[in-house]
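Below: a set of structures, written as structure tokens.
Below are two complexes that have subunit A in common, paired first with subunit B and then with subunit C.
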Partner chain A sequence: MIKKISLLIILFIMLILFIQMQFDLKGYLNYFSHEYFLSHTYKDTASSNIVTGIYLDYRLFDSIFEASILLIVVSGIVYMTTKEGEENERVFIFEKVKISNLLTILSRVLYPFMLMFGVYIIIHGHLSPGGGFQGGAILATAVLITYYIDPDKITKFSLIIFLEKLLFISILIISSLSLLTKNVLFTNFIPNQTSNTYRSIFLILLNLLIGIKVSLGLVSIFSSFLKEGRS
Partner chain B sequence: MNPILSFIIILIGIYGICTSKHIIKSIVCFNLIQTGTILLFLNLGYSEEGHIPIIGEQIEKIVDPIPQALMITTIVIGSTITALALILSIKIFHYYGSLYWKVVFDREG
Partner chain C sequence: MEYIPLYLIFIPIISSMIIYLFNLRIINYLIFITQATISVLMIKYFLFINKNPQFASITIGGWDKRIGIELKNDVYSIAFIFLTIFIWTIVSIYCFDKRKNDAKFLFFLLFLEGAFLALLQTNDLFNLFVLIEIISIISTILIIFKKDGFAVRAGLYYLLFNSIGSIFYLLGMIIIYNIFGTLNIDVIKHHIHLIDNDLIIHAAFILMMSAIGVKSALFPVFTWLPKAHGAAPSSISALLSGLIVKSGLYVMIKVDHLFNLYTFKEYFFILGFFSAIIGILFALSQKDIKQILAYHTISQIGIILMGLSTINQITFYGGLYHIINHALFKSLLFLGAGMIIRTYNIRRVTEIRGVFKTMPLTSIFIIVGMLSITGAPFFNGFISKSLIVHGLKEQTFIYFLFFIINIGTATSFIKFSQIFFGKSKLKGQATINEKIALFILSIACITLGLHFNYFNQYLFHVESPVVILDLYNIMTYFITIIIGFILYQTIIKKDYLVFKKIRHMHITFETTNYLLVLYIFTMILWSFKAL
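On to the complex of A and B.
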């Protein structure tokens, strides 16, 4: 009881400090960065979407570490759920639950459209809202809906991990190619003099790689949960 | 007012982590902290008359794009970390036979 009361007192003090900071913050807030991004992003990064321009050009270093965290977590989950020798003998949950025919037929119809929408979101990431992370999640749902169509589908985890490693290495190589052309690490490797249409190839390439990586990661996480839920 | 509300969500998450007796509840509170952080960052960059941060015609003012770019990575990382925590809790259940913190600590020592 005393512990809970003292915890509540500490949290209350934190709240009061935060409210005080909130009043101080109004003096520091300014809009210089907004104007800077609005006027410079298209010239610097060839991307209409400022958010994509930030996470694929200004702050590419952060995105690389984000991709590496995804790789580490996926390999950790797959390591913890697979045991030797019974890779193909496991029973999925879906084999025991009867799936209605309506859902199966509807997912057969929906599956190509979901794939197309995910690829559209990824490829148009530098022009409209979207990008690698969001489109990767849509692609992952499109791939996972095939469990409804074909419950006997076998996911090869070793192949997924190999592909994830390959994609991460290619993201590293593509983002550090600018050392050769511009003498600066982690930025667009196509020179500034070329037109913006060609410079956006870099953004499309990185968005595609990140999208495939995220979708592979989410597919492997969900499939390993399905395997773990067997009985 | 809105940043204070999202900070209250973070505080509720901290309280839940400190007092919950079940491992799944701890993971849920961990997610609460993450959601509160995302709301807090997006609130700090919000302005009333700002447009979405996409360059187009007749746009003079935008909302802050940096918190949005940071929160994209936070959402992906948060979902993967939650998945890792749930897998670990499954392993704990197979090993100790229970998901209550007290039972787990008793059986360990």
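On to the complex of A and C.
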């Protein structure tokens, strides 16, 4: 009881200090990066979407590690959920649950639109809000909806993980191609003099690879949890 | 040449991918080729940097360094990179017999190395955050690797608690980004004295330090460490205790240099003392051989923190040097403990007997590690402890506190040494690889103890003017050992109720979080001193 009351008091004091700091902060705000990105991003990176410009060019190094977090998590979860010698005993959760016809038919209708929307978000990542990570998540839901249509559709599980690793290596290769053309690592490999239309090929390519990688990763996480279903 | 920092990061990562993709036994030997390549590259880079210091930092993508991400190497990071490559090589030699066919284990191990090398070199606050997260996640997977219930619980505890800590780091970083408009540590360091509002600076510092405190297992928030290090496979425990915990201290040195706040030096000194004492108290009460070593990690981190948070230069370098030394002898002890556990199949100190009969060579190596950790003359622990003590000699009270810590460590390892005596019918099952790994580590312990001046000059570019190997220090060590022996015989051996209580104390996750809040609150209270 003492613990809870003291915790409440401490948290209250911390909240007051935090709010006070927020008021103080207003006088000290620095808009350097803000203005820099607004004025330079399109010229520097050929991306109309500033966010894409930042994560695929200014801070590509970060994005590579962010993509690798998902890769690590996927391999970790797949490792955790597989148990040797019990492969046949495990039951798919969808074999136990009866899926209503309405859901199946609606999923069939939705499936192509979701796929198309996901690919659109990925490919238009440098023009409009969106990008590889977000589009990848949409693509993954589109692929996962096939579980409602036909539970046995996704079978080659190891192939998905294999492809994911391969895609990560190709992201690394494409982002380091600039070493050959510009002699710097991790930036757009197409020279700065070419028109912005051509330069955005790099952004589309990377967005596409990241999108596919993210969607494969999410599909494999979800599927490995489905396979874990209680037998 | 100037891109070697990036090659150091990505060579382990790409070879880890190759190992995972092929999943062949032959390909697994790639791990040694990788280690050899990056060691050669690092030596080349070290010589190159010494001649051309202007290439020590590169901005990735060729952008302005206020916008892009900068990698920067200084004396600390270079020393840490050498240490990292060394420890990883040792661990991969040690575990290769067992993990020859386990491509997944090697994948995580090598990927962790790449991420850790990136953490050491980055000069960007957000990049640091991403890498801390990756390191926590991979460490969790490696802790859970045995897949038994205890390991899974310890691993998830570790992951959850460290994620809570990282969120505070993110908050602090957002404040900093708002004030300075950049994430580059060097740029912020140049402008930080322009901000005259103490509240904002202190808030950012406290938020970042609370994350770092969790990461490096300081006094109130250390509870995840013994669980995680006890549950992990031995080779991983060595890695976690030797290096991964130090990532917190390394970030701490960086953040401390960034803010340059003198108000908190004393606070962290006191916190370091409490970590040391509490770690020893818990270690004295434990019976599990790995738990004892894990609690000693906490106490040694306390000693390092005491060294790092003083204004005295020699004491500071003593702390840095102790990080390196602790990595060497603690991994030696953990790897040795792993071999003992595998042979005996029990983990209780009171039941393991006759190790010296069954595994004479291994026992000699473990004794080297024990002598180092207690600070025996001619071993590396002695040097760094003496360097730390040197700056504190004038303050009698603090010197006395340090003496108590040393006695505690000695007592605990006298208790640990009971496993060597007695008889046993078991046969030792040490493989040649494991013996080689332990041999290299113990040689390193002795070499760093004898030729520390050379290393200090070469790595940190400092001369240590103190004469360390004098009669006074040697006498102090023997007195410490004698007092420790008496304490063990009279108090610890009897296993009083207090120690039983401490041993069976169960700290829930809820309490741990409460302690974290308390830890932050004490920092806030302390910061009122300056306001």
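Everything that follows uses one rule, which is that the second predicted complex is superposed on the first by the 218 of 231 C-alpha atoms of A that agree within 3 Å, B and C clash if a C-alpha of one lies under 4 Å from a C-alpha of the other, contacts with A are read in each partner's own complex, and residues count from 1 in each chain.
One rule holds for everything that comes next: a residue touches a chain if its C-beta (ideal position, glycine included) is under 8 Å from a C-beta of that chain, and two chains touch if they have at least 3 such contacts.
Being a predicted model, the structure only gives us computed values, none of them experimental.
After overlaying the two complexes on the shared chain, residue contacts for A:Phe18 are found with subunit B and with subunit C alike. Contacts of A:Ser33 after superposition on the shared chain: both subunit B and subunit C are touched. When both complexes are overlaid on chain A, the residue A:Val73 reaches subunit B and subunit C alike.
Once the two complexes are laid over each other on the shared chain, residue contacts for A:Leu185 go to subunit C alone; subunit B is not touched.
Contact with neither subunit B nor subunit C is seen for A:Phe117 once the two complexes are overlaid on the shared chain. When the shared chain is aligned, subunit C comes close enough to touch A:Lys165, but subunit B does not.
Once the two complexes are overlaid on the shared chain, A:Leu7 sits against subunit B and subunit C alike.
In the superposition on chain A, A:Leu60 contacts subunit C only, with no contact to subunit B.
Touched by subunit B in one complex and by subunit C in the other are residues 7, 11, 14, 18, 25, 31, 33-34, 37, 59, 62, 66, 69, 73, 76, 80 of subunit A. The part of subunit A that touches subunit C in the complex is made up of residues 3, 7, 10-11, 13-14, 17-18, 20-21, 24-25, 27-34, 36-37, 44, 57-62, 65-66, 68-69, 72-73, 75-76, 79-80, 83, 162, 165-166, 168-169, 172, 178-179, 182, 184-187. Touching subunit A in their complex are the following residues of subunit C: 3, 6, 10, 13-14, 17, 20-21, 60-64, 66-69, 104, 107-108, 111, 115, 118, 126-127, 130-131, 133-134, 137-138, 140-141, 144, 147, 152, 175, 177-182, 195, 197, 199-200, 203, 511, 514, 517-518, 520-521, 524.
Of all the residues in subunit A, the ones that touch subunit B in their complex are 4, 7-8, 11, 14-15, 18-19, 22, 25, 31, 33-34, 37-38, 41-42, 48-51, 54-55, 59, 62-63, 66, 69-70, 73-74, 76-77, 80-81, 128-129, 131, 133-134, 214, 217-218, 221, 224-225, 228.
Those residues of subunit B that touch subunit A in the complex are listed here as 3-4, 7-8, 11, 14-15, 18-19, 44, 47, 50, 52-56, 59-66, 68-70, 72-73, 75-77, 79-81, 83-84, 86-88, 90-91.
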